[in-house]
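In the part that follows, the structures are each spelled out as structure tokens.
Across the two complexes that follow, chain A remains constant while its partner is chain B and subsequently chain C.
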Partner chain A sequence: MYGDLGLKLVQHAKRTQSLPQLPPYQSDIVRSVTREVRDLDRDVTEILEPFNGHFDPAEEPATACSLLVHHLCMRRNKRCLLAYHRVRVEAIEEMCWSGSDLLEQVQASQNKVAEGGAGIGSAEGSGASSLSPEEEEYARQYGDLLAAYKGQWTDIDLTGSLEPPRDLFIDVRVLKDAGEIQTEYGAITLTKNSQFFVRQGDVERLIAQGFLQKLN
Partner chain B sequence: MSYYDIDAILTDAQKVPCTFEITIPGLGYLEGNSNIDIKQGTRVELPLWLAEMLGVSQRLGTEQNVISLDLPPALAPRVQNALKANPCTVDLRSLASHYYSLGERILGLLEEDELVDILSETFKKRAAEIADHAHNPQGVISSGGEFLKGLDENERQLFKTAHESAKAIRAFLSDRSSGKK
Partner chain C sequence: MYIPRPLFSSAYAHLKAHAHSTNPSILLLCALDTDSLCAARILTHLLKQDYVPHKIHPVAGYQELENVNEALVKGNEELRFVICLGLGGLVDIAAFLDLNCGRGGEEGEEGGRAKVECWLVDGRRPWNLYNVFGVGGVKCFDDGDIEEELPRIGFGHTLLSYPSSKPLASSPPPVHSHSPPSSPSQQLPLPPPPERPPPSAKLLRRKLRRLRAKHESTVASYYTQGTWYGEPISGLLYSLASDLGREDNDLLWLAIVGLSSGEIIGRGITSGPPRKAGGLGWVSTTREDQIRGVLRDEVRRLNPPEAPPPGSSNVSGNSSSSLQTTARSPSDTAIRLSPEYRFMLIRHWSLYDSMLHSSFLGTKLHIWSETGRKRLHKLLAKMGFSLSQCKQSYTHMDMDLKRSLRERLEKYAPLYGLEGVVREGFVRCWGFRGCLSAADVAYVIGGLLEMGRRGSSSHTNSGSAITPISSSAGKAPEALVDPDPTNETRKEEARESESWIANFWAAYDALEDIEALKTALPTAMDLTRAILRTGTALIEKRQIRLLRSFRLAVVKEGPDVSTFAHPSALSKLALWLGEAILEQEKEHRKKRHLPLVVASLNERRGVYVVVGTTLGSRVDDEDATLEYRSGRNRFGMAFQEVAQSTNARIRIDAFEATVVEVKKEDLAGFLEGLSLKSVVE
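Right after this comes the complex of A and B.
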């Protein structure tokens, strides 16, 4: 029946809300739902054709009702589509704020696209990432927007941790090579598997990005 | 209730039994046969989002109703009696995943004064039981599993919130006492 696919999308969205990571974009279902809307619209045009624009609902209650059902189905599908995308967009925005490796993920899939060549690559590349191409674009632009917003206050890190630190200095272990960073006490070179005693404020970003691990 | 609220959309997807009062061309797919007219007097289960709008004419008092609505099985007298007898033994989730929301929507469409009291009484009784389980993690394992499985979506949220708040308070208190030492 009409509207069943939309429901499937919403059930996906419901599951998405309780998952820590964003599941793959359901491009097949989204496409089917939009096709359903287009079919319904064509049916409505067909039904209205014999009336030449002079349709009186009072004279033809049965036809009017059929039109109403078609219209309601379209509206329902629209609501399902919008709600599904909104849940995903909210998750993406949250990822941008928490500074997780969303952009890295996007980068990785882009590289795959570049390797796979122009034509087929774009389709396969987006399959590897859990975001649709539009969502990747959204994430990138939202990230830019967030960076511009944060740039207004150089002395506050808006995306920093809200938990007050217990110690000024912490032990960290390097999980991935991160190159050289500048601190108040000079430069440190972060090579994999090495361990440092550094000021927490200097490395907070790197911990969030997963380069360093905090040791107790 | 927001347009984008996932739970609201899922509430709307729950089915209500309806009877068609007029013959409508080309709507056979609602019944499962495509391209056949739907006949007067056909009984079908329609999702709430469709049934509500079609049923509205009923309340406006137009000459001919498009469809007439019935109580969904989840709210039938049999279930009402069970809830009256003991609210905590009924598995609401198997009846409808958004049970209270469904009841709320149905009450907007049908006049069922008794149902209002039954539902609010049920919620009150069950809420106390839920709070009990949420604060005693041991109790959940031994006896409450069956009951907790039958919670509807709103009650699940309630359970989760109660459980997490109890945990947060415990964490806060232990944090404070360890800070003093």
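Right after this comes the complex of A and C.
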């Protein structure tokens, strides 16, 4: 039926809103929906062909109705596509703002695939980037834009958390080796399996990137 | 150099003044045992209150200590203080850690950069005298032992370590023999003795030699006593906190847990008779009781008994004769004195199980045999407790029974030689979320450290129970010829220490999280069940062999092998077995008790973990000197000697001197070598 796939896409979008990460881009469905739209469009042109551009709806109400239905289906599909992409774009933008590195995630998942071995088919689906190439490009450019915007005010971290910190110092535990990081006052070597009591400001970024775990 | 008790607070002030205020310039190295864990908690509490950034790094063994040195100490210009909690007392720590901060300049940069200071807070004895009297930034926290006992030895030590005409021939400090022969542990930190023009007179030289000999023997006799334990370090740090006026219930609780944990793994404080208390007229028979007494006073001071409700902390009051299992109010987090039975986890188990698995009761009643179990049933019957009542969870037992438990137990216990089954303990409530006694917490934390969190235990368990091994001691490296197995073992070792570290953090978190403690209760129960099971099997099957100078038990099959691959789990088993044997021997009126060696197979790495224990650390001997010496474990030295004299592939990596690992194939040779050493006086 017309519109079924569109509905599926919207359901995906709805589900995406409550997920912590972005699920893989549904390129199959998107392609099917666009194909459907193209088919509908072809139908419409076929219907209109015999009239040679002089179609009067009042004379042929049946044809007019069929054209209307075709048109509405196309509009609906378009709305579904837009809705799906908007949800994803918003999620991508939010990721850019929260500072988590999209491209790094892609790399990490690719590594996982490499480790898992090529033989496993299921790993391929989950392991590949969850962004479509266009989305990746969008994310990159949006990130550049954001960086340029932030660059104007170097003393304010626009992407920082809006919640005021409750403590100046916090306990963090190192989940993976992060090497040496430079802070305002010197270097800290973050080695796995140790716990630090450090200034929150120094490590906020690393917490967001998942290197450190904050303890309450 | 050492810091006596009264100066703890000024040492802390010094630390505060010299620590970097925004960067972690303090490195806390923490051993993987409950006491050290508690101590780390106390110290970090203090540091946090002062906003001093710091870093905690758990360390499993000497090999890892070297890794830490490579990664975190060497050339780390930010570092000002290294604080070793529960490790390093036995070895010359300056040889392990590069305390001369900066780019390798030993002498050259003296003026430029401040040296790294290293604090040693360790309950293990004997102190390595280079730590105590050496020059450099090493400072030992002294619980009184050094001040009391060591000046004499120290004098000798200092004399000996000063340049003399002959280099030191003997008097090896308990250098732990560590695998890579190039390991710094063997080298003394002192510069090679520059030739001093010897006094020309022959007479003088002879005199000097005699003096030397005398001092050498003093020093040697200090080291050859064996190893033993001083005060729990959590107690030491608590006294630091109270010197600073910052003690509170949380810290006190940690100190109490630290003390209780020592009792569980048989770390009796055996550094000597009770100290003459300054001012306070304590009449206590052991050092442990004395510390207990101090803590009891602190509990009373910080938790004044509420006025209206009847007898809350009144020791023999009526209300306190039944165990407290619930808090009095939702916000009740007080610590209370309460009678404590020598059964573990009674508040969360059934009375029967708790009695059955207790090492105190079990060994006295000979629980491993059928008659022993009957004896337990009989005792319960005499007390008027029906088995069906006893087998349900304690909280659901009949109120009357609960109320009369103490009285009846005290009445009938002596018939079975169970004097002292009830004593004073500490219990703490966390609102209505739960009530745990200090000993219970110690059991749970111990269980977490040894077996890991329950959820992950199923598959990590087997691995989680093993120590990281650095490498085999002595001549081992050559023995491991082909590279592949070595790699494999190394990987296995790394995995093992990884899981231990994960356990450490689980325990660290649980120490202040009652919910986590409660979920970990079954772990502790599993561990005690495993001990009972394995111990019973060993005794029933008569698998404890009597060798020339010690007894030997080997765990190499059964469901619990993987559990006992962890040295401290194995120590608990050894303790249980030891007490059981002691009871048997007492019945046969034996006076001399051979020590016990327990070995357990670590299948994953193909090594045996070997633990040596002396029996009857708490035997009351008539002989005062024996009493003084009892509880000193001489296995540490014996292991060292065997490692040097045989070519068994051995690794001594654990901070515990009495734990070694021996290659599976070499166990026989190792034991043979060991049986020639005299571990008994």
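Note that in this section the second predicted complex is superposed on the first by the 192 of 216 C-alpha atoms of A that agree within 3 Å, B and C clash if a C-alpha of one lies under 4 Å from a C-alpha of the other, contacts with A are read in each partner's own complex, and residues count from 1 in each chain.
We adopt the following convention: a contact is a pair of C-beta atoms (placed from the backbone, for glycine too) under 8 Å apart; a residue touches a chain by one contact, two chains touch by 3 or more.
Being a predicted model, the structure only gives us computed values, none of them experimental.
By the touch criterion defined above, A:R79 reaches chain B but does not reach chain C. Applying the stated contact rule after C-alpha superposition, one finds that A:F196 touches chain C and leaves chain B untouched.
In the superposition on chain A, contact is made by A:G3 with chain B only, not with chain C. Legend: residue contacts after superposition of the two complexes on their common chain; A:L162 is shown touching neither chain B nor chain C.
Contacts of A:Q11 after superposition on the shared chain: chain B is touched, whereas chain C is not.
When chain B and chain C are set side by side, the one touching more residues of chain A is B. Judged by the touch definition given at the top, the superposed model places A:R173 against chain C, while chain B stays out of reach. On chain A, the surface touched by chain B in one complex and the surface touched by chain C in the other have no residue in common.
Contact residues on chain C toward chain A in their complex (touch as defined above): 20, 22-24, 44, 47-48, 51-58, 71-72, 76-78, 498, 501-502, 505, 508-509.
Considering their complex, residues 168-169, 173, 183-189, 191, 193-199, 202, 215 of chain A touch chain C. Across the complex, chain A is touched by residues 3-7, 9-10, 12-13, 22-27, 29-30, 47, 49-50, 53-54, 64, 66 of chain B.
The residues of chain A lying in touch with chain B in their complex are 1-3, 7, 10-11, 13-14, 17, 43, 47, 61-63, 65-66, 68-69, 72-73, 76, 79-80, 82-83, 86-87.
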